[in-house]
Amino acid sequence: MEGMLLLIAILLPAAGALMLTLMPWLNERREDRCLFVGAILVMECVVVALVALDGQRTLVLFKMTEQLPIALRSDGTSRIFSAVMALMWTVSGFFSFSYMKHEQNEKSYYAFYLMTLASLMALTLSGTMVTMYLFFELMTFISVPMVLHTRTKEAVAAGIKYLIYSVAGATMGLMGIFILTPNISSAYFVEGGSLLAGSLTISKDAFLVVIFITLVGFGTKAGMFPMHGWLPTAHPVAPAPASAVLSGVITKAGVLCIFRMVFYVIGADFIRGTWVQWALLGCATVTVFMGSMLALREKVLKKRLAYSSVSQVSYVLCGLYMLDTMALDGALLQLVFHALTKDALFLCAGAIIFKTGITRVEEMHGLGRRMPWTMWMFAVCAISLVGIPPLGGFIAKWYIAEGALSTGAPVFSWLVPIVLLISAILTAAYLLPPSVSAFFGGMADGEAVSALPKAEPSLMMLVPIFILSLAILLLGIFPNFMIESFTRLANALM
Amino acid sequence: MEGLTLLAAIALPIAAGALLPVVRWKGRAARDAYILCLTILTTVLATVAIFGNFPRLSLIQFNDRLSFALKLDGIGRLFAGLIALLWPLTTLYALGYMRGTQKEISFFAFFLMSYGISLGIAMSANLVTLYIFYEMLSLSTLPLVMQKGDSGSIRAGLKYLYYSLGGAAFAFIGLVYLVYFGGTTNFVPGGLFRGVAVEHTAQLRLGYLLCFLGFSVKAAVFPVHGWLPTASVAPTPVTALLHAVAVVKSGVFAILRVTYFSFGALVIRASYAQYIPLALTCFTIVFGCSMALKEKHLKRRLAYSTVSNLSYILFGALLLTGQGLAAGLLHLVFHALMKITLFLIAGVYNDRAGIHEVGELHGIGRDWPVLSAAFALGSLAMTGIPPFIGFISKWALAQAAVLSGGLLPYLGLTALLVSALLTGIYLLVPSTFIFIGRRPGNAPGTKPVETEIRISLAALTALMLAAGFFSRPLVDFITRAASGLV
Amino acid sequence: MLQMLYENLEQTVAVILFGIGFGILLLQRNLIRKIIGLNIMDTAVYLFLASMGYIHGRKAPIVVDGVTDTARYINPIPAGLVLTGIVVSVSFTAIMLALTIRLYRRYRTLDIDQIALLAKAEGD
Amino acid sequence: MGIVQNFPFFSIMLCMVSGVVTSVLKPRAALMTTLFTIGSVLALSAGTLGMTLGLDEPYTFMMGHFPAPWGNEIRIGSLEALMATGLSAVLFVSLLAGHARLPSLVTLQKLNLYFIMMDLVMAATLVMIYTNDLFTAYVFIEIMTIASCALIIVRQHGHTLVAATRYMVMNLLASGLVLLGISMLYGITGHLLMEPLNQSVREIYESGTYREVLTVVIALITISLGIKSAMFPFHAWAPDAYSFAPALSSSVLSGIISKAYLFLLIKFLWRVIGIDIIQSQQIGSFLFYCGIGGMLVASVIAISQRDIRRMIAYSSVAQVGYVYIGIGMGTLAGLTAALFQMLAHSAAKSLLFISTGELTRVSGDHKRFHYLHGAGHRDVLAGIVFTFSAMSMVGIPFTGGFISKLQIALASMPFGGSIRALVLISLAISTLLNAVYFLHTVVSIYRKAPDIEYPRNERIPRHAAVALVISMLMTLYLGVGSGPIIRIIEAGIKMFA
């Protein structure tokens, strides 16, 4: 049956989670469980690759009512997003096999981990707005337990905050879906949008307000200003791998929804040049700036990284909202590279906590000598995130800035590059000093840092980080195949 | 006299209920069997009545203009079907739940009677008959609310009664308007004044408004919603079935009848008679949710949620479009399924685990994983997460609002969304705690749950979930029933 | 004005009497006085009625000398009314007095307000 | 026609004779005689009703040898016959249902006197219904006053005596005013029979000479009959009298006697004066507003009562308010509604008083609500009867109360504007208030009983139970089969004025 593969991509991790919960023998030994989860994750990667190679497919699962089909679809966008997400998820999964040794309740952690993957896959493969909304909500609920994992008071409070913000955002999105539905020609996603701009049921001004609210709503998951409040609270309390995927991957789910709404439902042309575009760009740039500032002020490493995510994901949104082919290219590149980079950074942070218990930035003096591999990779990722050539981050930012300049949009065509630049400087300011002091710090005041034992994590943790760093490096040097395919997609959408 | 089936479906449970305290029962088993059999028999009769096409049955001619007559049409079938479906399940639950409590016999006697009377509301062929059953329902459910017999429940019962009868008194004025200007109270699709030159539109609108305000008491529209949360002192089967389905929806049903079958959309449309009720329902949607959020008591929280959801239905219906009515009717059915499940599970928490406040739910999911999962599913459905039923009806409502356009529909749409958000908070947050929290050490232990309760809850949950995937026939039926009324 | 009053002397007196009786009935608290007031009031009404029914120069309606012309006699109905009224008033005076006696025996007072207080103190 | 024509006269005479005979009989025989008398009156009235239904015109029946305008006559139409049937039926059932409790209240020697009073009440009621002569009406007003006072004071109790004194004073005052009114009317018209009176009233009104006097006459008679039928705000005597008299007496006072006065008032306004003149004199709107006021104020007061009998007494005042609203409208529809309400209220209220008597009896003669808790379980039948009649008072469908409310509301519809709004809103509020106090009481008689030793009482006698059930059926019939009744009333009104 055509498109069965799509269903398998979703059902595989879900079934894995189910088996993990229901079959006690899988949980008798840690090794068995890790093997099982690992196998599922690898298989999932394979399936996602197959889906990506299979070409465009649509699968209607069922129809809630005649106008409400629940359908899956694989196309350019879903391919990019699902590949990035599956990869991130697998890598973080392998990392967590050793990391989770010192957290409790591993079984339920892995179950939810796989469930979240299933819902993410479903989200990327959604073929209609309602399907997207469905899996968007589902993903929220399934990922809540990951935030709540430690069951401390802070974790519970953060989990609730995360839940409320997400539901609020989803509700705003739902309003858009409600109002859009009578105004579009197809319930399914259509490249370039299917808005019946000529015969709107309400005035265009009101309609723009609705679109604005919708996109802000979906922006919640992406941590976009003004709905960003949950992000710095939720991430630090989650276990490191969970935090890694939360900020590296789940924020991108928000981006995906915005992507779908803008390019597959509303259509870029409708928004281009309206106040909505400027307002959203404004929000995105504010978020870029604000996230960086917050990260700079934050001393706890994981929280700093989480704030950094707020900033970096908004780069993607900046590129997206420019509504320009080149900027969109940049946005997609930034999406990929930020996912890789931030994932790697979080894993490094996790490794540091796991091995030394260090959580704060100022404690990282001399750490480079205790765990050189880790810190080297940390430094590489930091450089990429700042945007220094030849690493991936640079290309992405370059495209966004160039795209912005080429649009000739008032104010933003020069404001965005400037904010990007400032933010890059800020990023450098909050990420490079820790790297530097890790290697060079502590030497001057003669502390016997070198006397401390080596703390290099096991290969199980190191290899995933290494793969990610390598990917950043290689993709940064040879980005052309990615740029080509992204350009193709961007052209199709605009 | 083919239509006697209609009468039988109404009269049988009433007679059976009246007989219950009179007969000396040898054992509990015999009595339980009697109650269950008669409930099921009534359901069978009701099903025959719903699927058969029986002619109008005119029983009593009060005077020249008023008669007591029965007839089932589209929306009547829907309501009757809903009641006939849920009543046996709830009775089964109640048999387990009420076992060994005081005044068990009188409880089931009135419970059976209420069944017949609710069916009567669905089968009424004119407004007077509806009004009669409506009043009877207030009275027959009164002892059920006061079942506990302590001063709190009596106060709640009296409050319920005063509200209901006060509302009925205003509805009565509307009835008088109808009799005077329309000459009859028969339900005619599209209203009595369709195609007739209407000279008295202004008065009719006033009459409609009064009618609406009167019946809206049962439908718990702000500002006359106060009785509903208070009435949640009643035993759970009553709160679940009557105060989430039969009684409150009879208020909604009466408003639907008055709107589409008596006064007619034509008279009301685009006048204050439409706008005031619409504005009230919009406000109630948000108000109910906010109160639910504030409320710590689990059953009262659910009751406030009902307040909000009833106004969803009315909001849809008052848009006065075919889609709006269909959406409202859909929500009428779906909300019943969701809310009754939630209430019944809350009842188990309440009675078998001593949980009254939302805060005490923590960790109960460890003791009762399946039950709590059902509760969580119900919460998801109430919030309106696809693919559960709550989403389908909310979707339909929202579409109807968007399509009808204008300020108030959009206001309602916003209310709908705010309410979805608040529902998410007040139901999903506790649902989360059910699973992740820990039960305090001093919490009372859980008591075993009777098989009857398990069966009925399983059936209801299955029904609720299945309805999400197989709603097509229902939607088609409702669309057909709603077409031609506007 | 005075002339008119004088011409209708009986009526004027009746009205004054009625007022007196009415006042006594309402204002006095003593039961016996109330009854007396009632009687005065009734008497006033009878006077009024009787004076209305009498026509100057006609005779009482007892047929004498075979004269049957109604114009010669006065209408007997007002007189009949008065007589009936008097009988009625006698009977209710009796009842009222009986009541009064009963109340006096019980409460040893004739003041109606005081009696009401005492009765209240007795309870149901 | 034929012999049936004589039935009204027969029934009046039968009552008078029976009253005389009863005075020398032993209590039980007296009871039987009275029951027989009232039963026969019921049968005779029903016969008359059947006969008048076939007539287009009312007929008059000469009493004595003088024709009008000198003689004394009664006039019978279907409305009169209907009222006679209805009220005698109510009296019959009340007596049957309520007499069993009399011996505990009345000393045995005086029991037969009580039945004399019953006979007299019946006679006076019939006369007030049938008579076509104002003075006869006056005489029987007085007889009614005395008889009703006697009905109250049979109970040997301080409160009762005080209540009776109050009642007597108010009623005698009213009687005096009636007499004054009648004599003034006679003074300006020279008539006492109703048809000629009407003619000369019309002439006077058109000539405009004695208009003020006419207004005074109407006011005097209206107010005094208002006092006697407990019209708000002249109801001060009612709560005491109704609550301290024996239950049966209260039920007769409220169910029969006040209805007789009301009917007489209607007759005076419609037949003697003519409703068009009444309306132009503002008397109609006076009655109307009194009715509205009574309906609302008395209900509010009733809510605050702690004594069940006083509560019902105030409810009577409120219910009479409905009748006055109907009368005050001055339209045929209003009058129909008022007459129907009289019948419905009469049937339900007598039930209410008698069942309350039973309920208080099983609660150790306490009338406070607290002691009444659980009374509905101690006396099941009385509980059911009370509940049912309370529902009629509230106006729940299937009872007479519902139809009468509907009739009043419908009657108000042609007025439009503020009058209609006033009536409808007041009706709704009054329904709610009624619900508040009556259903509160119903709930309270079914509540769990307090820990008090209640005396064990013998059960309600079987014939009384049957009577109560019949009476319930009557109320039910008024609710379910109101069509024929209303048609008779409408036809009767055509013959009436």
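The chains carry the letters A, B, C and D, assigned in the order they are written, with residues numbered from 1 in each.
Heads up, the rule we're going with is that a contact is a pair of C-beta atoms (placed from the backbone, for glycine too) under 8 Å apart; a residue touches a chain by one contact, two chains touch by 3 or more.
Because the structure is predicted, anything quoted here is derived from the model rather than measured.
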Chain of greatest Cα-centre distance to chain B: C
Inter-chain centre distance, chain B versus chain C - centres from mean C-alpha coordinates, in Å: 68
Where chain C and chain D are represented by their mean Cα positions, the distance between them in whole Å: 27
Centroid spacing, where centroids are CA-atom means, of chain A and chain D in whole angstrom: 85
Averaged-CA centre spacing for the pair chain B and chain A, given as whole angstrom: 44
Sequence positions of chain C contacting 2 or more other chains: none
Residues of chain D touching at least two other chains: none
Arrangement of touching chains [line / ring / star / complete / other]: line
Chain pairs in mutual contact under the definition given at the outset: A-B, B-D, C-D
Chain B - residues contacting chain A, complex: 380, 383-387, 391-392, 395-396, 398-399, 401-403, 405, 410, 413-414, 417-418, 420-421, 424-425, 428-429, 432, 436, 468-469, 471-472, 475
Chain B partner contacts - residues on chain A that touch it in the complex: 62-68, 70, 130-131, 133-134, 137-138, 141, 144-145, 148, 151, 156, 159-160, 163-164, 167-168, 171-172, 174-175, 178-179, 181-182, 201-202
Chain D to chain B touching residues, read off their complex: 391, 394-398, 403, 405-406, 409-410, 413, 416, 424-425, 427-429, 431-432, 435-436, 439-440, 443, 446-448, 479-483, 486
Complex contact set, residues of chain C against chain D: 18, 21-22, 25, 31, 34, 38, 41-42, 45, 48-49, 52, 75, 77-78, 80-81, 84-85, 88, 91-92, 95-96, 99-100, 102-103, 106-107, 112, 115-116, 118-120, 122, 124
Chain B residues within the chain D interface of the complex: 60-64, 66, 128, 131-132, 135-136, 139, 142-143, 146, 149, 154, 157-158, 161-162, 165-166, 168-170, 172-173, 175-177, 179-180, 203, 210
